[in-house]
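Letters are used for the chains, namely A, B, C and D, taken in the order the chains are written, and counting of residues starts over at 1 for each.
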Amino acid sequence: MKFYLKMAWRNIFRNRKRTFLTGLIIGIGLASIMFTDAIVVGMKENMINSVTSSFLGDAQIHLKGFQDSYDTDKTIKNRSQLVSRLQEDMAVENISERVVSFGTISSPSDINSILIYGIDPTRERHVSKIDEAIKQGNYFQTAESEGAQFSGVLIGSKLAERLEVSLGDRIVLSASHAQTGELAQNMFRVAGIYTMQIDEMDSSSAFIPISEAQDMLGLGSRVHEIAVSFVDVQYASRHGDKFADAYTSAGNKAEPWPQLVPQMKKMLDLTDFSVGITMIIVFAVIIFGIINTLFMSLYERIFEFGVLRAVGTRAASLRKLIVFEAASLAVYSSVIGLLLGALIIFIGSIHGMNLSGVEFAGATFTEEINTVFRLRQFILHPLLIFIFTVVVSLYPARYAGRMSITHALQKTL
Amino acid sequence: MKFQLNHYGLVLFILLVGVSPLLAQSGTTDQQPEIERVVNAIDRLYRHDSSHTLMEMEIHTPHWSRTLKLEAWSEGMDKTFIRILQPQKERGMGTLRIDNEMWNYLPKTNKVMKIPPSMMMSSWMGSDFKNNDLVKEFTFTENYTFEYMRPDEAKKGLLYLKCTPKPGEPIVWGHVVVAVDSETLIPKWEKYYDEHNDLMRIMYFKDVETFDGRQLPSVMELVPQTKEGHKTVLHYIEAEFDIQIDERIFSLRNLRTFRK
Amino acid sequence: MLTVKLALRNLMRQKRRTIYTGLSMLVGFVLAGFFIGWADGTYNHMIDKFTRNRLGHIQVHQEGYLGKPSLYKTVGSPEEIGSRIDKYKQVEAWAPRIYSAGLVSITEKSAGAEIIGVDPQRENETTSFSNKVVEGRYFAGSGEVLIGKELAKILNGGVGDEIAIFSQAADGSIAENLYTVVGLLDMGVPRLNRSGFYMSLSDARELLVLYNQAHEIAITLHDLRQVNEVTQILQAEFSNTELSVAPWQEFAKEFYRAMQADKNGMYISLVVVILVVAITILNTILMSVMERQKEYGVLKAIGTRPASIVKMVVAETSMLALFSILIGSLITLLLNTYMAEHGLHLSSPINWGGVQLETMRGEVNFRSFVLPSLTVIMTSLVVCLFPAIKAARTEPAKTMRVF
Amino acid sequence: MNTESNVIVAENVKKDYRSDSVVVHAVRGIDLTIRKGEFTAIVGPSGSGKTTFLNLISGLDTPNGGTVLLNNRNTSSMSGNELSDFRRDNIGFIFQAYNLIPVLNVEENIEYIMMLQGVEKQVRHARVVEILDMMGMKGYERRFPSQLSGGQQQRVAIARAMASEPALILADEPTANLDSGTSTSLLDMMRDLNRETGMTFVFSTHDQHVVDKARRVVILEDGKNVRDEVKE
């Protein structure tokens, strides 16, 4: 056994150039697969991140049915209790309470139907990225500095364009009062203009401090939405159900992002499927390359095998030798592949691909896409290559075991 | 597609609520009168306890022009009732406003439809007025600060006031310039500007006539400056003020009972 | 000619090597061709499904409508325009639509709604509209409407209820009427589920006083890939009118950009596949050429000029490459045709934006033959030249040495 | 005649090859008995059936007709593994070239068969040292075949063939790739080994120098043995 391993290992280095070439093809193949994996992970994380961290949060809690109608009266039950539970939850990093209402925004030149969000300025910035998305003005500071005579509102760049307003301009928000349904109107000044690259956010949403929203809508301390961010970014996709179960009670409904934006989840599933097929094809090409190389190198050495068989080596031992050779080749190639793969993933993790501004399933790539290291890239993929190579080598091994010795011995050149 | 949304203000409210008598004392001539008195006069022009008016509303757009004949009742600041008398197609349609709530009556379907707050900014019956204009009330005295000004194109015999909304008022305008006849203190026009000094719309007051013993402009013309070809003109045909109005007028029941 | 003959003989003589080298090109070709066919097919299938679902492949509007929609920017006599569209055999179906907005109410509650007037039969032919009815039934006659399922909730109503609408007609008059809700829709778009109010085209025309008008004509084609061609044809057809013809890329911009992003991801995969294929071919040819160093030595020893050796190697390789491409194209054609017709069934259908994606389909297109062909030819030529030149240069004695 | 001392008994051995519908009668009926300790050359022109006959007697190939007994065993009835083991234990092979496994060094090449036989490491090592000494190749244990000359390689091949002390050593044109000086000294060495160890040598050749060294010469022509000379 050990002897054949030694022999196999020496064999693959007999023709260094060829072995290196084969190692290179398998290596590049492996590196490609690793890279594809890494970039897909990066893309997915970016997508999820752009959905969850731009405004959604990793999960949200509402009163059941709130999202169907955005009825102002449908506020979260047992709010304070829920908030303290969330704050004690180890998985939860930050929470942000919000008031959400349909309403209209009017400027001297136009008027638009929008969703008015009341947000807690300090807590919100830990959950979402509105503060970072602000391109002009400031994130809820103007209002305070001007003595709170009027309030600041953050609006999207597309909405600002449509309303023909710029920083500091007056706008009036109208919405209906909770319970009475009466018209509530307040004047605000544009404190900040943001660009989130999400059409809905940029063209039909406005943000005001939650206390003002609650005053305006007569909600007291009630809220419509609690957005949650988790310590572990993958918590929502992995243990989302757990979270949903834990906080869906008393008429409230907790949903992690895959439930909140199912189309995103579906898109990711589709991506997984496509990547899977791509991987299979790449694997197929690589494996074919391996078979090819194995066969070629074995054919060249048929005489040698003839000698081995003639002097009394059993067919099984020869088969073993060939499989070992393939395995050695796989190990050698994997090392090349791992080094190459690590290198390109490393490069990719520093120099990202720029797809920013591209909207995708309601989300937008906000940043460059970087490759992401995952352990499986360095374990699963090489292991698959190794297994495939060994499995594939069974065929030439069988062939060599069965060949006619006299025929083999005739081969000279 | 969106509803054709228009500009809004206090004009329709003012008109529908009626025109109150001007306590015009012809006295000081050369001297500018005390500013509070002028503003008060403008505000008071539209103040009264109740009104009952008959008017025509001409609506012009690039696509069509039409005229509605309206009968309106108002009481105090919170109650308004409007009935469309003409044209035939819309005859019987009505709008009731009580406080901040508003309903439309549709005779063909015999249905009363409440206007949700999200539709408050929509046009009232296709005019340049908005539903909201019937609901919200503002006065220059209470909601604005004001000062005299002298524009470049100032004409003799007119007083000019620059009215700026008080901070925090839910008013979109940057300021409003009002031109008032220095004798009668009846407004000539009001120009609405945004904060960048762009003119957004003009309201003209024309053809002063006597209604119920009071002198009032009988024509008001609203011309949005941002939409070409749009104009809404209101003609007063008849008006009576400070009369006793049956409380039942301002009810949903009345809204939905109209005999053609 | 002699070179070709000699090359052919060489290929025939060394069957084993020929087969292996050829096979590596062939398999590389087929896999790359299959990948491209599959990726393009899936991509186009998704676009097709998405656009067919609601928007159509091509839309006709009055000029300027898409940029700034207005009740007044209409297409006159859409039926007549439709019959002109029908002339082109690429067109599968077309459907006229009317859009407006209004206030609707069932009980005391009222809500803003998007009014969409559709020709029930044409709309169904064009976008399988009846499939979107999740409760109740499809339009059967005048006076019937379908509304978004969330809108029904907002209005506290449902199938069988009477719904009143209040809007403004194109002549400025107030539009109002009463209809019966016969079905609830799941349009796959939250906005439309919350505000969609679908009525028959004739009802919409009457309500909005838009007789013989439409705002939009949606067209679906038999084959999505003809969109650009048909768009151009229709643009020419309607060049003297005020109509504008737009392909889906224009009116479904966001979706288009999403697809572009998806495409970018696919290009990465494509590069990987092509790269791996190229390297496999490179490796095989390099090995087979290097294996023959001795043979070249003999050829040189007997007086063959180096240029002739290079020529021969190139001739052999390119013949082999051409042959592989030929057979590869055939196999790819078969595979992709199968994939185009039957596709790959997804165990759990993917529902996206109201589109149900049950299969992943391949496609037979030009690209899936050209790109692999280029890959095979380029790599094989580049890679055979290098050792061939080396072989031509080496000393005969050296390569012939046995020990 | 004592059958115990017969290493090879071939009776009317025949072998046909079929290639492209042409039947080649490579061996048309050879009768030959080789006894223990013989040093026999099988001689004949190219195509006379030498290699085929050697393949048949070594059990690498099976005859179409006639019987071959090697050490009184009929190899044609053996299974694959039996045959492999039989060859391992009874025959040492020497080929004309590429005899040695390139990735194994001299020592490993020589001990390979003993290793297959399961001989212990110390024993193998001792045997390798002994046999290399005998061949005059002491100190070459760690060399790889590519580091040896052709003659040296063949010596190692002989050493490998002899290492496990098989009943028969078969050499198919062992000197074909060597110059005449080297071939002569190689043959001398083989004959000395034959004399010293009493191992049976059968080799094919068409080299007259080699033939001259043989003690028995069997001449093949057209797949038949036409002459059989025993010298001395």
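Odds and ends about this structure:
Basically, contacts are C-beta pairs under 8 Å (C-beta built on N, C-alpha and C of every residue); 3 or more make two chains touch, one makes a residue touch a chain.
Computed from a predicted model, the values in this text were never measured in an experiment.
On a Cα centroid basis, the chain most remote from chain B in this structure is D. Ranked by C-beta contact pairs, the top interface belongs to chains A-C. Measuring from the averaged C-alpha position of chain A to that of chain B gives a distance of 56 Å. Between the Cα centres of chain A and chain C there is a gap of 25 Å.
Rounded to whole angstrom, the centroid-to-centroid distance between chain C and chain D, based on C-alpha atoms, equals 69 Å. The residues of chain D that reach two or more other chains are 97, listed in rising order. Counting partners per residue, chain B has 2, 116, 118 as the residues that reach two or more other chains.
In chain C, the positions touching at least two other chains are 112. The touching residues of chain C, when paired with chain A in their complex, are 16-17, 20, 23-24, 27-28, 31-32, 34-35, 38-39, 42, 112, 150, 153-154, 194, 254, 257-258, 260-262, 264-266, 268-269, 272-273, 275-277, 279-280, 282-284, 286-288, 290-291, 294, 344, 346, 350-353, 357, 360. If you check the complex, the residues on chain A that touch chain D are 3, 7, 10-11, 14, 303-304, 307-317, 404-406, 409, 412. Looking at the complex, you find that chain B touches chain A at residues 2, 5, 7-8, 99-101, 116-118, 120-121, 132, 135-136, 165, 167-174, 192-196, 198, 200, 226. The touching residues of chain A, when paired with chain C in their complex, are 17-18, 21-22, 24-25, 28-29, 32-33, 35-36, 39-40, 43, 65, 68-69, 113, 199, 262-263, 266-267, 269-271, 273-275, 277-278, 281-282, 284-286, 288-289, 292-293, 295-297, 299-300, 353, 355, 358-361, 365, 413.
Residues of chain B touching chain C in their complex: 1-4, 59, 61-66, 87, 89-90, 93, 104, 106, 108-109, 111, 113-116, 118-119, 122-123, 125-126.
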